[in-house]
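Both complexes below contain chain A, partnered by chain B and then by chain C.
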Partner chain A sequence: MKEKNEKNRTNPVGAFFFSIGAFLKEFVTAVADGDAGVKASLVICGAGYLKRKQIIKGILVTLLELAVILYMAFIGAPFLEKFGTLGTVQQAMVYNPTTMKNEVNDYDNSLMILMFGVISLVVLILAVILWMVNVVNNYKLQKRAEAGKHINSFKEDINRMLNEKFHVTLLALPVAGITIFTVFPLIVMIAIAFTNYDQNHMPPTALFTWVGMTNFKSLFTTNLTMTFGYTFRKVLCWTLLWAVLATFTTYIGGILLALLINSKFAKVKKFWRTVFVAAISVPQFVTLLLLRNFFANTGIANTFCANIGLTDLLKKLGLITTNYIPFLTDPVWAKITIVVINIWVGVPYLMLIATGVLMNIPEELKESARIDGANPFQIFRKITMPYMLFITGPYLVTQFTANINNFNVIYLLTQDIYTTTDQKLAASNGKEIDLLVTWLFRLTNEFYNYKMAAVIAIFVFIICAVFTLIAFNFLIKGDKEETFQ
Partner chain B sequence: MGKKRVINTILVQVILAVLAVIWLIPIVWLVVTSFSGTDGMNTSRFFPETWSLRNYTRLLAEPDTVAQFPKWFMNTFIIAVFNCIISTAFVLMVSYAMSCMRFKGRKALMNMAVILQLFPAFLSMIVIYFILKAVNLTNSHIGMILVYSGSAGLGYLVAKGFFDTIPKSLREAAYIEGASEARTFFTIVLPLSKPIIVYTIISSFLVPWTDFVFAKIILNSGVSTDWTVAIGLYNMLQKNLLPHYFTRFCAGGVLVGIPISILFVIMQKFYVEGITGGSVKG
Partner chain C sequence: MKRKMLVTVLCAAMTASMLAGCGSTSSNNDAASGSSATGTEAGAPASSDETITLTVWAAEEDQDFTKGLIQKFEDAHPDQKFDISVGVESESKAKDDILVDVEAAADVYSFASDQIEALVDAGALQAVNDVDTVTNENIATSVEAATVDGTLYAYPESADNGYFLFYDKSVVSEEAAQTVDGILEACGTAGKKFGMVYASGWYNASFFYGAGFTTSKADDGSTVMDWNKSAGNYAGTDVAQAMLDIATNPAFVAVTDGDTSNQINSGEIAAIVSGTWDAVSAKEAFGDNYVATKLPTYTCKGEQVQMGSAAGFKMIGVNPHSEYVGWAMELALFLTNEESQAARFTEREVGPSNSVVAKSDEVLANEAIAAVTAQNEVGGVIQEVGDNYWESAKSFGEILAQGNPDGTDLQTLLDNLVEAAVQPAQ
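Let's turn to the complex of A and B:
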């Protein structure tokens, strides 16, 4: 029955509004038809529970209500009041006649106002929703009592948390963590995209304020003073190319390596696996910084290439103009080097994952295929590969977006080494080899241009979102989940 | 038939050997350079001219203002252990809920998780920094652990993919015998999921050892004893420090690689057995 319902509402947006409507209706009925306990729960949230002898639950709910009210009154309200302007009083030294000294005035900190404003808004919205849910629950309890059904004791409620409601127990902490450390910061950063928070407007000494869509326009503007449009286009193209190259080279490489190691012809499998794992057992930043020096213009790779005559050969072919191979300093060479090094970094990880998956393929499946006369290649194509794609499909999608956001490889290999000669790029602090993320990281970390960084981040999100939506529709259609179970 | 097999075996072994050499070159370079008798980078020779243990003894026994390796190591180790515990728990909890249970809002939550992961993660770092500062947790281990493990639940997809392959019949058998959902999770699903638990443990243990961006933003006091290995070693390769610290950087890299390698060797055996193949019989 439930399954059918889920299928009927194919349009998620429609389903969303439908469920909101249904909930509102429930709430109105609860208020209208509720007894004294339910009506009292409009003011004192635990009232309905207390009336039905659910003492502990009633007290807990009421305490939570009290905490929210106190927070809103003493912390939330003052910040929300200034949320529209993000503060008006700039920091200044003011002469204090009582202490006869210059003191810092009672200034507004725009960032604090923004952060606490967002927190308070979220708390307010959640509180209203919980309040409504609570009233509905009180009403349901009343109905149960009237029907003479069993009313759960506190202990039974706890037990339910380990059984049919076990998902609530499992998800509570992780979701809380995600809310605090991902959702909330993201909301604040998105808000910053609509402000003028940059080097000239740094709290606490200066204020920043709302500027509407100005920053979004800047990102597409290329003129004498502003080159963000040019840089954005260049960086975007390289980011997409990089993500495709990096994802597929490591994925295919990793699977091939895993198949090679696990093939029946390979001896000492464990040894080979350990060798490749040794390569990733050293933290990435160590190996990448090492490789950066390995491939430096005066580095050992160049010495080697010069010794075997490769440098001269490339020079004769006109592929380089310098006396060394600019592995990490020339736009084209650097891009190739980065992709190759990324294969080196990524393939062992993929090999590990692919090995885990390969070993999990039920032997019976392959066995029966073999009995039916399938050759190894057919087994690979019909059984191994679909199984692999099913398990690693989500991983492949996340890997693609992870590569769009692949900060480590690019940053560690090129930071302090690569300088751009393109004036237009330099004017907006970009480089040819920059991904959108390294560009925005430099904007925040070195140039405190938070507003533009936030705008770029939103575009990174849009790109990833569009891609993921398409990919997930192909890869993990909801029903496929059960196929292998 | 026998001859073909021998040729194939030799071919596969040779290919693997060539690949292994390519993958090991940087690691070998790291190790040999760490035993170099000089301080800076040798750009003309692969192997050092003089061999010595000086880099290790200085790194471990003579900390200076730049290099505080023993302290960094302990800091990172503590953070890694706690992050490992919390992250693994979070990931397994979320994966089980999403894979094995059916409840209202499950799809919505999964979609939310997908959407959240699309934002560049470290952008939110600046805001997280201000949050931690507000509760006075910057420059502390607890702050770092919270930062690394707080959002760990989002990385549940791989583990969920694994749980999806555990036959439903196993869980149903448990329910019929009267096991609660919690009991099923701990006694049926978890024991069958060793490979993915191992994978989760390894990857979450690695995070504090490899990350330096977050650490750099949160541990910003400039006091080198507060740092993790990552920032400490990264700092050694600043242009003006590199000629003096490059070989010690390599020694540090070797020492950091050791606990991670050991951990993996211990865990590796869990990858070896096919798990679901043996558990449902008949």
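Let's turn to the complex of A and C:
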């Protein structure tokens, strides 16, 4: 067992480069040892297939080659040419009173250049790889022919794709989808982090260009004129604290609630379970917006507290300085309120999960513990909790990552009513209660600061990725399974 | 969540700009083909065979009214085919939606004058073609507010987008309403509140403008301001102290921006600083005791200082990326001409910027509009600030509204505010 683990862990990076090397070697061999057909396929990709009577495949491959060349020549090349500067000609408009129209010059749109540049680059790289693979395939075909083996007809190839290689056919669509809708935008987003795309450089009116690592430096700079470093540090700390608090409070709350409902003392269990599940059935944003009004400075909660004298009491105790309880408008109060509201919103989900798990705990385990004289708390600590943790470990990790990016709760509860009183935060458009993701959202949506938002997004990604990797490695190592078998 | 969102945003941006890219090419072609088709006629636009397709953005409450005006516009040009649609966009948020994608925004839209700088920077405003008509027909301050760097960029639509004082005369006497101190005392006695938005650079500038401080916008998009120094007799800290004194008075309530009408309706308020948009709520809440008037004076360094205000206008702008920009300008001109402004006042009670309509008896008799005019006369300032001003001024106002809980030195607060606002937009 141990040996196998060791083997699996042999440096994946090394293995990756090794396979690249092997592939290149194969390609060189193919070019050197290939016959005329293989060599011709360097220029006309279908040549090798045509020589071996794979007419349709040959024509299709050649057509694909032609399409790529045409795309690169007419669409890709003009964009790639400007990719280095992201455009130089600014838009200029002149009103022509005769035609009643604006005459626009042939201007560059930096965003279009960036996007098509990225697409063209990816197409170019893919084309080169495919071209190399094609040459290697042609060479393999030659070898088969020389060895006198059967050469597939087009029909047989198609049949293979539907039978032995069906997984390739099945995966083609999702992979294409992910490439187009996730990978391309992701690359563009990462590229934006290295440009000065912001309110003063908004295409089509203005151009933006590459600025290297400037934005990354800004994120870590704090001085009189730049407070991004300060804001990033503050927001990051709160984001992590929030993720820990939100994850564990709902987790523990959910388990306790489930235990309570499952305990033999609880009556009408189904009723209680329904009551809490009902909280889920109301759309979360409705609940949150309602609560925001509830807890506003002049909302119901405040009126109530003022009427029963709680506001005055807190004021006398020195806990508040205002005439109202700043549930959602004071940094500390708001953080507490948000965490508490999140418990209320999140606990029902965990209660459901915990209920399922609790029902699965083998009764014999508890029974024998009881016979051995364990009290309920000991049973909870030594049996229930470890079992829960083992089953819900992966859920906890995903929940933690999800909470780092928990946009809804924070944004919906505080947007428009929370105003920061920290002037350094205000200077870089942050708030004490902002998570990285809400800060990022407001930077793009309200301040059009796409470049800094892109940089922050990269960091959010890094933080989430690193945390998830570490947590999964520690939490869900397969060797714990025996404990409960 | 985050990645999904960015992906969506980028996808949307990508498709939008692709579509828009196509759009601009076609408009080029049209410009070329159109030039041969249309002739010239001084003054009146020549009609052409093509259907003029335009989108207009107007505030939700103005939808029917705007549609009526558009119908009149179409009737006024019987030879020309139009396809004009109206979309909903609040004037105060126009910038937020237009800047996302200028090319996809409406051809003709209504906006509040404080956004004009950002809109011009983003290339979202077409320079007005018929400058003379607009300049001659509208009051000078509104034209000034529509002008950026010497170029007229928008068509003034209304001149009542400023704030003043509403009060309940059964609680606050006319004499008491002359000073903030008087209002606070009267409210305190009656167990009512005096409300004002502190956490907004538009409202809280009132104290500083009143005391003779200024703001302006530099070429690089930064704000030039002197609030941390002194102007005339008063230092910036005197004004901040005065604001703090008001905020810590138990009879004062700091209202959240956008929440003023709720506050008025709550019945707690006996006096509030707000604008014509709350006139209806205030009338309902105060009944026969409703009064609208200029802002009071406040006590600064022991003296009475008249509160100033950021004079606001609503304007109609034309998107230069419009395919039929000439017709869009015609429509904007029509929507803001004397007749339309008179109709807007009659139907919507909006204070006109047209100098003839503004002097008509009906307008002069309207209390809320009279209050804006009176306030503009005693202390109306056209607020020119850079983009970085708003968040900092908001935060500054909030600190004072909470009574400066950390006890930070007022000079430091002002220095931080100015330091952040004078940064060029980024």
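In this section, the second predicted complex is superposed on the first by the 327 of 485 C-alpha atoms of A that agree within 3 Å, B and C clash if a C-alpha of one lies under 4 Å from a C-alpha of the other, contacts with A are read in each partner's own complex, and residues count from 1 in each chain.
What we mean here is this: contacts are C-beta pairs under 8 Å (C-beta built on N, C-alpha and C of every residue); 3 or more make two chains touch, one makes a residue touch a chain.
Because the structure is predicted, anything quoted here is derived from the model rather than measured.
Look at A:457: by the touch rule set out above, it reaches both chain B and chain C. After overlaying the two complexes on the shared chain, residue contacts for A:286 are found with chain B alone; chain C is out of touch.
By the touch criterion defined above, A:444 lies against chain B and chain C together after alignment on the C-alpha atoms of chain A. Of the two partner chains placed by the overlay, only chain B lies in contact with A:263; chain C stays clear of it.
In the superposed model, A:93 makes contact with chain C only, not with chain B. In the superposition on chain A, contact of A:424 is made with chain C only, not with chain B. In the superposition on chain A, contact is made by A:407 with both chain B and chain C. When the two structures are aligned on the shared chain, A:298 is found in touch with chain B and with chain C. When the two structures are aligned on the shared chain, A:185 is found in touch with chain B and with chain C.
Considering which of chain B and chain C touches more of chain A, the answer is B. Taken together, the two structures place residues 111-112, 115, 181-182, 185-186, 188-189, 296, 298, 405, 407, 416, 436-437, 440-441, 444, 457, 460-461 of chain A in contact with chain B in one case and with chain C in the other.
Per the touch definition, chain A reaches chain B in the complex via residues 6, 12, 111-112, 115, 162-164, 166-167, 169-171, 173-175, 177-178, 180-186, 188-189, 257, 260-261, 263, 265-267, 270, 272-279, 281-287, 289-291, 293-294, 296, 298-300, 302-304, 344, 348, 352-353, 355-356, 359-364, 390-395, 398, 401, 405, 407-408, 411, 416, 436-437, 440-441, 444, 450, 453-454, 457, 460-461, 464-465, 468, 472, 478, 481-482, 484-485. Residue ranges of chain A in contact with chain C, taken from their complex: 91, 93, 95-104, 109, 111-112, 115, 181-182, 185-186, 188-189, 198-200, 202-206, 224-225, 227, 296-298, 321-323, 326, 329-330, 402, 405-407, 416-417, 419-427, 429, 436-437, 440-441, 444-449, 457, 460-461.
Chain B contributes residues 5, 8-9, 11-13, 15-16, 19-20, 22-24, 26-27, 29-30, 41-46, 90, 93-94, 96-97, 101, 103, 106-107, 109, 111, 113-128, 130-131, 146-147, 149-154, 157-158, 160-162, 164-168, 180-182, 185, 195-196, 199, 206, 209-210, 212-213, 229-230, 233-234, 237, 239, 242, 246, 249-250, 252-254, 256-257, 260-261, 264-265, 268, 271-277 to its touches with chain A in the complex.
By the touch criterion stated above, chain C contacts chain A in their complex at residues 1-3, 5-7, 9-11, 13-14, 17-18, 20-21, 24, 27-28, 30-31, 34-35, 38, 40, 45-46, 96, 99-100, 102-103, 118, 121-124, 126-127, 129, 199, 221, 250, 253-254, 256-259, 262-263, 266, 268, 320-327, 387-388, 391-392, 394-399, 402-403, 405-406, 413, 416-417, 419-420, 423-426.
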